[in-house]
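For reference, the structures are reproduced in the following blocks.
In the two complexes below, subunit A is the common chain; its partner is subunit B in one and subunit C in the other.
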Partner chain A sequence: MTASGRGWTVVMLAPSVGLLTVFVLIPMTLTIALSFYGWSSQTPFASARWIGFDNFKEILSVGSVGRDFRQAVGNTCIYAAASIVLILPLSVALGLLVHQSRLRCATALRTILFSTYMVPMVAVALVWSKLYSPTEGPINQVLGWLGIAPLPWLSRPDTALEALVILNVWQQLGYFTILAVAGLTQIPETILEAARIDGARNLGLFWHVTLPLLRRTLLFSGIIVTINAVQVFEPVAMITQGGPVGATNVVTYHIRRVGIERSEGGLGSAMAMILVIVLSAIVSLVFLAAGRRSEK
Partner chain B sequence: MEWRVKNRLTILAAMVIGVSFSQASAPSGYAQEAPVSISFLTHWPPETVAKLTKAASVYMKSQPGTTIQIRAVPFADLLTTLRSQAGASNTFTIASIYDLWLPELVRDSILVEAPDANAAEVKKYWGGSAVSAASVGGKVFGYPNEIDLYGLNYNKKLFAAAGIVEPPRTWDELAADAEKLTKRDGGQATQQGFGFINSWAAGVVHPFAALLAANGGALIVDGKPALDGKAATQTFEFVQRLINAKVANPTMGTADANTTGPFLDNFVGGRTAMIIMANWWESALRTGMGEAAFADVATTPIPVGPSGDMSRTISYTWLTVVNAAAGKPQRDAAWKFLSWLNGPDSGENGASAMGDLLVSMGILPSRQSDVAAFSQRLNSPFLAGYVSQLKAAKPFPVVLGGQEFTDALQHHLEAMQFGQETAEQAQEQAQRDAVSILSKAAHQ
Partner chain C sequence: MKKAPKRIAQCRLEVGRGVIKAVLYILVLGLSVAVAFPLAWMVLSSLKTPAETLRSPPVWYPASPSFEAYAKVSGIIDVQRSLLNSVAIASVTTAGILVTSLLAGYVFAKQSFFGKNLLFALMIATMFLPPIVTLIPLYRIIQTLRLDGSLAGVILPNLASAFGIFLMRQFIAGVPDELIEAARIDGASELRIVFQIVAPVVIPPLAALGLFAFVYHWNSYLWPLTVLQGNDGQYPIVLSLSRLLSYNRSAINTNLVMAGATLAVLPPLVLFGFLQRSFVRTIVNTGLIG
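For the complex of A and B:
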């Protein structure tokens, strides 16, 4: 490449690299650095004290900091796993439904499904907090008409997180259904036709032909669902504040509580670092597993 | 030409007189006269914000150069807003804060110390405990406004239906009355005799601390956690006793980010007979129940525990403070406004405008002249029970690490409510957490 060519390359890359540096690399580097310091997030960086791995030791300790963080990580894992288990199959099922050419109201159905994704999570959280109300909530009223005793939903440690998962599924399902439909449209009709000629029907056709061909779409969906789930914040902050008994305390909310409310910026940064490491590991493992499956 | 000179002299004279008048009307110690804009950050509900806005409008008419904007955020977001916006000069000038947050906000240089004139005013016109709650290291950092105490609210209608004539005075009476007031369906209380709160640190910890105070104990003594003493043991056991007896249903006690939710709905709806709460929720009860049903609500002092000598409770204070990052003109204007807002000339009959809006929410004002001015209003069946406890109330401990300590204690109390920990486990772990948290905070 000529000197002039290299110059133009630098000029063309500068805006995007510059923005990435300012908004991604510098904050990430600062977060990594601060995780080794004792620092009140309301004081200048100059006041930070080097404490080595003390923040990480505290997070892994048996004290209240370690206990609360481990519980937050556990809750986040359950939330993410439950979201994947529910959203992916449902999105494929609904995708198959609206993908059918015979369905006359498919476009309207797609619009309705996708509309939930366009509603801001803050509004969704507000509405669902009222839907879940133990006494006045419409959900329990409907259950009452069916002769089912009212459920405590957000008021019990063993149901509160599941209630938030349902809220998440309701909001996100439409988006992933559209992704599933996009994946289904990518499957060549000739392959499906060939399978039918070979005798594949209904469930067999779906299981042995359609689903394997949807693998890339599902992999992408799974990763996005995971990232969205790990970053869940609004419904917890708006409805449950992490309770009861920390049952809905998720990692992002906990980092905010530690890093901002308690002003322990160094400790919060260390927690954020652990979150990034764990999330990167999970995504890498998923890609690795998917890659090996492709090779087979 | 002569006319022009005369006219200029007249204008000059008018300007000099105008400046003289404006300087004469400003309290000593304030230099600001140029137009200045300040903001007031609070967590109060819309109706109270409307009253504050009205008071600010009155002030602005007398101080044309000053513009005051009122901003409100939900209680659960207030500390986060303070912490995330402090340090910038154009965010908030004045903020309403909970005294528990004061030591850490001062440590981090987020708040500015009150000027001498304002500090002297606070020391002169407020009681010792309020001044103490607004001070760190003997320096005053704001104007105390509301004092909140915890009392036992009870529904007289439900008491009458259960054949109970008098509110309980001891823990044994409380447990017995709660049993009579409880209605169950399938073993679970559908009308609970006594209500707990969960998912909200203050709503969980303060009632517990009030029971502990009525049993002769305290959360912190001489800066050290005191959850391992006999009084605390008995308090943990009493909470366990109410849960085991199923006179309290924890699923009816959830709170949300706006400090509303099922715990409020159930008391308002007559499904909770007794609950330990602070006086500030009067306006929420009035709104939820309507005036007729609210008349059934009364307040009685916290029942005395086996180790207590008399009914005691805990109190906490809110105060208005000034952002250290605001410019000097803004800070001066803020202190001047706060002096007026909390002074005896801003309200009616010798009361302050602040006192007026606090009393409208059922909150006890802390300025001594306000307490006198509103004596009749404070004698209502709901508030009288709180006012009677003012002298015996112990301030909620204000220490470095206080918020984390509160969160940790909340965790164990909620775990006990839902059967995840026994009273013994909750007490032991709460004390261990508290020792660790306060020790760490002291060394930061």
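For the complex of A and C:
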């Protein structure tokens, strides 16, 4: 390439690389560094004091800091696991419905499903706080028609997190259904045809042929559901404030409360580091397990 | 002798198919209604009277729909200003992402230089980082730049997007090299090639990226909340909604809260309505999967 061509390469890359470096890579590096410092996030970086592993020790200790953080991690794990268990099978079922039924109204269902993904989480949280209302809400009313006793939903520790999971599933299902449809579209018709000639039918065809071929799609969906689950913030910040009694205290909400609202920047950074480590460990384990299975 | 059972079986199969089709229709219809229900409830509730929203069991349809709640909301939050702030944040950010992604996507797809793959991998890795991980130092950086409390502080860190770069690289890689080579021979500069030769070919993914970025930044809450804390003149509509929270405690103000939510939901939904075809097609084709 000519010298002027090289010049253009730099000019064209500079905005993206510069912005991502200053506003993602440098902050990431700072998070790693600050996790070893005592630092108030209201003061300049220069005022940070080296304290080694003290932040990590405090988080892993039996004290209230450690207890609250572990509760937030635990709640986030439950939230993520429950979201995966609900979203993946539903996305495949709905994907099959949209992809294979060849009904004209299936496209309408796809559009409606996906439209929920466009709605701001803040509005979703407000609307569902009304739907969940124990006395004036329609959900308990419908449950009543089915003969099910009214549930306390957001107001009780044992149901609040589940209520948030349902809200999450409602908002995200459309996106993952589209991914499932995309995965189904890529399965060659010839493979399905060959399996049919070999006598595979309905459930057997689905279980032994379609589902294994969807594995990569499901793996990708599972990872995205997990990463999204870590980010849940709005419904907690708006509706539950982490309560009742910490039942909906999740990591993003907790780290922000520690690092920004209480200005304990060093401690918050250490929590963020632990989150990154746990998250990467989970994702690599999933990939490793998936890789090993496909080798068989 | 043998023929009769076969015909019956076939007939059963036909009836069976008809029943299956009917069941599928009902299933799809039911699911559509169930999924659309929360948003329908939101709009219906915004048109109810306080007396109706207090009723238990709940009233589903307002007896005489009124827009009173919308007038009341404008008395509590500056709706016009909030919507304008949202438009400013979402559209400037989107424009930035489209330009930076197009340029970087072109370089990563069509040029070669030392360390390209490593740099690309480094940029793409940022895509999977949950925002909370960088939030605390990022907030301090914005404070140091004296941009906290301003729309510029909300917008600036988001003008480039790893997802956007990835998406554009995928699609620009499919643009024939001959097209670009011919333009180079004609003496077109690289910048001109990107905007006059490449961009027109990748309009559908650009439109999808634009919609995605606009909706994402219209809806985003965590970052604007952190940057704008307390400066409500600059609040986008989703942040202004949090000012309705004190009204959310009692069911008497449900219509008001739902009117506010409706105002925040409509713009991204309408935009989606216009662009949904190219959006869905792009997700199916991103190559992120399969």
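Just so it is clear, the second predicted complex is superposed on the first by the 275 of 296 C-alpha atoms of A that agree within 3 Å, B and C clash if a C-alpha of one lies under 4 Å from a C-alpha of the other, contacts with A are read in each partner's own complex, and residues count from 1 in each chain.
By definition in this document, a contact is a pair of C-beta atoms (placed from the backbone, for glycine too) under 8 Å apart; a residue touches a chain by one contact, two chains touch by 3 or more.
Small disclaimer: the values here were computed from a predicted structure and weren't measured.
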item: First (subunit B), second (subunit C), both or neither touched by A:S133; value: both
item: Subunit B versus subunit C as contact partner of A:S41, first or second or both or neither; value: both
item: Contacts of A:M12 with subunit B and subunit C, given as first, second, both or neither; value: second
item: Which of subunit B and subunit C A:G204 touches, first, second, both or neither; value: neither
item: Comparison of subunit B and subunit C by subunit A residues contacted; value: C
item: Which superposed partner A:I260 touches (first subunit B, second subunit C, both, neither); value: both
item: Which superposed partner A:P157 touches (first subunit B, second subunit C, both, neither); value: first
item: Which superposed partner A:M238 touches (first subunit B, second subunit C, both, neither); value: both
item: Touching partner for A:T185 - first (subunit B), second (subunit C), both, neither; value: second
item: Touched partner set for A:P212, first subunit B, second subunit C, both or neither; value: neither
item: Contact residues of subunit A, present in both the subunit B and the subunit C interface; value: 41, 129, 133, 135-136, 237-239, 256, 260
item: Residues of subunit B that touch subunit A when the two form their complex; value: 76, 79-80, 83-84, 86-87, 104-105, 107-110, 186, 198-200, 250-257, 261-262, 265-266, 269, 271, 403-404, 407-408, 411, 414-415, 417-418, 420, 432-433, 436-437, 444
item: Contacting residues of subunit A [partner subunit B, same complex]; value: 38, 40-43, 63-64, 68, 129, 133-136, 149, 152, 154-157, 237-246, 256-257, 260-263
item: Residues on subunit C engaged by subunit A in the complex (per definition of touch); value: 21, 24-25, 27-29, 31-32, 35-36, 38-39, 41-42, 45, 53-58, 60, 99-101, 103-104, 106-107, 111-113, 119, 122-123, 126, 128-141, 144, 156-160, 162, 165, 189-191, 194, 215, 218-219, 221-222, 225-226, 238-239, 241-242, 244-245, 248, 251, 254, 257-258, 260-262, 264-265, 268-269, 271-272, 276, 280, 283-285, 288-290
item: In the complex, subunit A residues that touch subunit C; value: 1, 4-6, 8-9, 11-13, 15-20, 22-28, 30-31, 34, 41, 44-45, 94, 97, 101, 103, 105-106, 108-116, 118-124, 126-131, 133, 135-138, 141, 144, 170, 173-175, 178-179, 181-183, 185-186, 216-217, 220, 227, 230-231, 233-234, 237-239, 251-252, 255-256, 259-260, 265, 268-269, 272, 275-276, 279, 283
